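Okay, so chain A shows up in both of these, paired with chain B first and chain C after.
Let's look at the complex of A and B:
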């Protein structure tokens, strides 16, 4: 059974790689944000699912990735996407550390409110300081180069659904693997221990705040990478990305997928994007239905889709004697 | 001097409305330990419903001067959705805070479209009805009488609420339940009824706040999500669960916002969040809250 996650991941990655030949270009442009959110949420869930700290301000780090990409490509002329990702992630971690230092003293609702306040602080900076950030219109994002290649022969959509898509799939694979190792390392076990019982883990010598801080920084890193991909996909970084409702959506996606499962956030990202685009096609009141789904989820299926699958899987195995 | 007086009156007016919403938030948090993200949605609901009620009454021959009582009644009436929402929250009382927060976030999403469905996407307002009460000259500035009435009404509600919580039997039971739920349950308090009634009271404070503000500002779909962060700022500065905290917090946020808008508008919300962060760092429990851990 220990091989199951590896097999599952490989099947999923092969499926992702095969998607462009199965779906239309438009559908692939919907898969791209799902990839971006999958990466961001893998990091977010290290803090939420594994460490037990619910942030209502992580849109801040997504927007750092997006605005970082925008500033680097259109203001500073840096085109290499590898360099952009690295710089954005480092900037995000640099912002995350002081915020984390202040926030990880708290748990539960206070942690949520404090992170929300920091997120909104950044939003009002983006929104009000028109000269630096472009105010409500934001900043344009220019096309970056991937591994030094500019793909000038491709138009915007062809670039996004072609090389950029595969680039993001590989990125998800790498970052997903790193996260898998991280949560199954002693470090990950420490985090779970602090979540389950803070006092006891302190007695056992776990430096609770330090571990929370690291988890916070890692989540900021992943969110910034996700934000950078989002920005390239939409070609624009705007302040809505930093608004608290966007942070709420991040939590929504994670719970939709199931925060108790490693793959939950990835499932959540894909199903949320799919759900949202389907609902938006059906009705202009898609927010209402999203909210209704969230209510049902919270009340009836708190373990999310991944939890549901796991349950079905277990039932299936019990009923078939082997 | 004139500018200062303007800021003072504008700030106190905003604080008066903020206090109502924040007081609702505090009541619900105090008793049910739930932070209600949807408090802004109740506020917006009150605002929209207030507009509809007043317009309907005006169309049926009501003298314009009576719009204030109509607004109050409208706010009270629509606040009666409280028990239905509370029935939904019933499912998460014993669950993790993440689920409680998410459920109220779901309500925010749903109300966003409920408002859009009934009142459309365009901002709505009551025109210059507010001028039917005239203006009051205060030194060098002229203030609409209505704004002063709202300030007075809010103070009256604050005093009434304080006396209600301190002096009445219901208030004592409410505070006891907030202090120790299990013990009150053991002593025979009907906690179920307590929760439903407190939540409804909180909802009504929000909807009345929204209804009262609407003659001076347009009701829009951004209202709920914008107000909720201000109300959060108020309760965090004042201390979660404290009524005195809500009052002081509302004054701080209201005055700071008014000052920032007239001096350096870029700082508007930025200044408020900075105060929130400073308070949380210096006094984690807020100015009047209980210290944490």
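Let's look at the complex of A and C:
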């Protein structure tokens, strides 16, 4: 059973790698944001699921990734996606640290409201400083190079569903592995301890605020990487990315997938993107149905889809004669 | 014997209210000092000052010769003093092994390791099993803490404090919430564990005078924020006035009941 997560991950990655030969180009363009959100939410859930701090402002860090990519590619002429990812992530962490220093003193609703406020602050900055940010139209994102290759022979869609898609799958694999190691390290253990009982963990020598700060910074790093992928996919960084409803969507996806499970955020990202796309095709009241689904899920399966799968898996194992 | 923990003329005021009014005491290696007193006497304030949770209004607290006034729980743990609370403090969804590992990891230099799995760290695992065995929790290692019995939760709470390998441990009513039949068993367990784990001194805050009489090497009685008596158990219980001041009401009630 202990090898199960590793096997599951490998199967999932192989499946992701095989998708381009199974799905239409349009469907693959849907998988791309799912990959981006999966990465962002892995980081988000280190803070939400593991540390117990629910942020309503993490779209801020996603938009730093997106705007960073836009500025670097179209204004500064930097094309290497590796360099872009690194710079965006570092910028995101740099913004996250002062916000975290202030916010991690609080928990629950106070933490949530503070992060929401910072998110709104950034949104109005993007909106009002037209000269720097392009206001409501945002900034165009030019196609980056991947490991030094420009793929000039490919048109936009072919680039996205081809090399860029595989690049993102590999990124998810690497960042997923790093996150897996993080949550199972002494650091991860201490994070959970601070979530479960702050006072007790302090008396056991756990530096609560410092570890929360690190968790916050790591989550900002992951969100920026996700934002950079989103920006390349849409070719545009716009202020909607920083709006609080986008932060809400991050929470929605994580809850949908299950924040108590390591894979929950990944499951949540994929289910949300496909659910949204299906519902939008069926009805113009898709937001209503999304909300209804979340309500049902929270009431009936508070551990999310991943929790539901885990439960079914356990039941299946128990009923199989050995 | 040298004093491990020394408090000198400790005062704590909250506005006009004086919770502690000049408490001086010292705790040496090998001692089990009980702090007793009626409710509102200032025991909790004293304990909070002794463990560096609150800074005193005036006076000093020294642990191993260093000033620890107001240093906070994390630094206290690093310097070798642990504290277990009256109410059970556990990590509900963590297993027994994980709970003990939190302390084992934090007092080693491994707290800042981000990529090595705790589960595979054999040194940590060994120490976790060792501590669990002392408290008879070795069979429950993989049990989630919230599923333990009340007595086991209490043991786990204390065990995790022991896992810090402290030199001094402060036990705030360790037997509260434990049935009276089990109190002695638990206390015996803790005192034995302390000896095995190399704990040098124990500070005990306790209401149960049977336990205080049986396990203390010294008793410090607090009343209205002052030290009323600081004596060996035999002398303490030989003085009816002091006993009456500390447990007076109950003694009288018991006497009436017997009559």
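Keep this in mind: the second predicted complex is superposed on the first by the 322 of 322 C-alpha atoms of A that agree within 3 Å, B and C clash if a C-alpha of one lies under 4 Å from a C-alpha of the other, contacts with A are read in each partner's own complex, and residues count from 1 in each chain.
The rule we apply is simple: a residue touches a chain if its C-beta (ideal position, glycine included) is under 8 Å from a C-beta of that chain, and two chains touch if they have at least 3 such contacts.
This is a predicted model, so every value here is computed, not measured.
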{"item": "First, second, both or neither for A:83, with chain B first and chain C second", "value": "neither"}
{"item": "Chain B versus chain C as contact partner of A:150, first or second or both or neither", "value": "neither"}
{"item": "Partner chain(s) touched by A:200 [first = chain B, second = chain C, both, neither]", "value": "second"}
{"item": "Touching partner for A:114 - first (chain B), second (chain C), both, neither", "value": "first"}
{"item": "Which of chain B and chain C A:56 touches, first, second, both or neither", "value": "first"}
{"item": "Contact breadth on chain A, by residue count: chain C or chain B", "value": "B"}
{"item": "Contacts of A:8 with chain B and chain C, given as first, second, both or neither", "value": "neither"}
{"item": "Contact set on chain C toward chain A in their complex", "value": "72-74, 76-78, 82-83, 85, 89-94, 98-99, 101-103, 105-107, 110-119, 157, 160-161, 163-164"}
{"item": "Chain A residues within the chain C interface of the complex", "value": "178, 181-182, 184-190, 192-193, 196-197, 199-208"}
{"item": "Chain A to chain B touching residues, read off their complex", "value": "48, 54, 56, 102, 105-106, 108-110, 112-114, 116-118, 120-121, 124-125, 128-129, 243-245, 248, 251-252, 255, 284-288, 290-292, 294-295, 298-299, 302"}
{"item": "Chain B residues within the chain A interface of the complex", "value": "35, 37, 88, 91-92, 95, 97-99, 101-103, 105-114, 116-117, 225, 229, 232-233, 236, 240, 265-270, 273-274, 276-277, 280-281, 284, 292"}
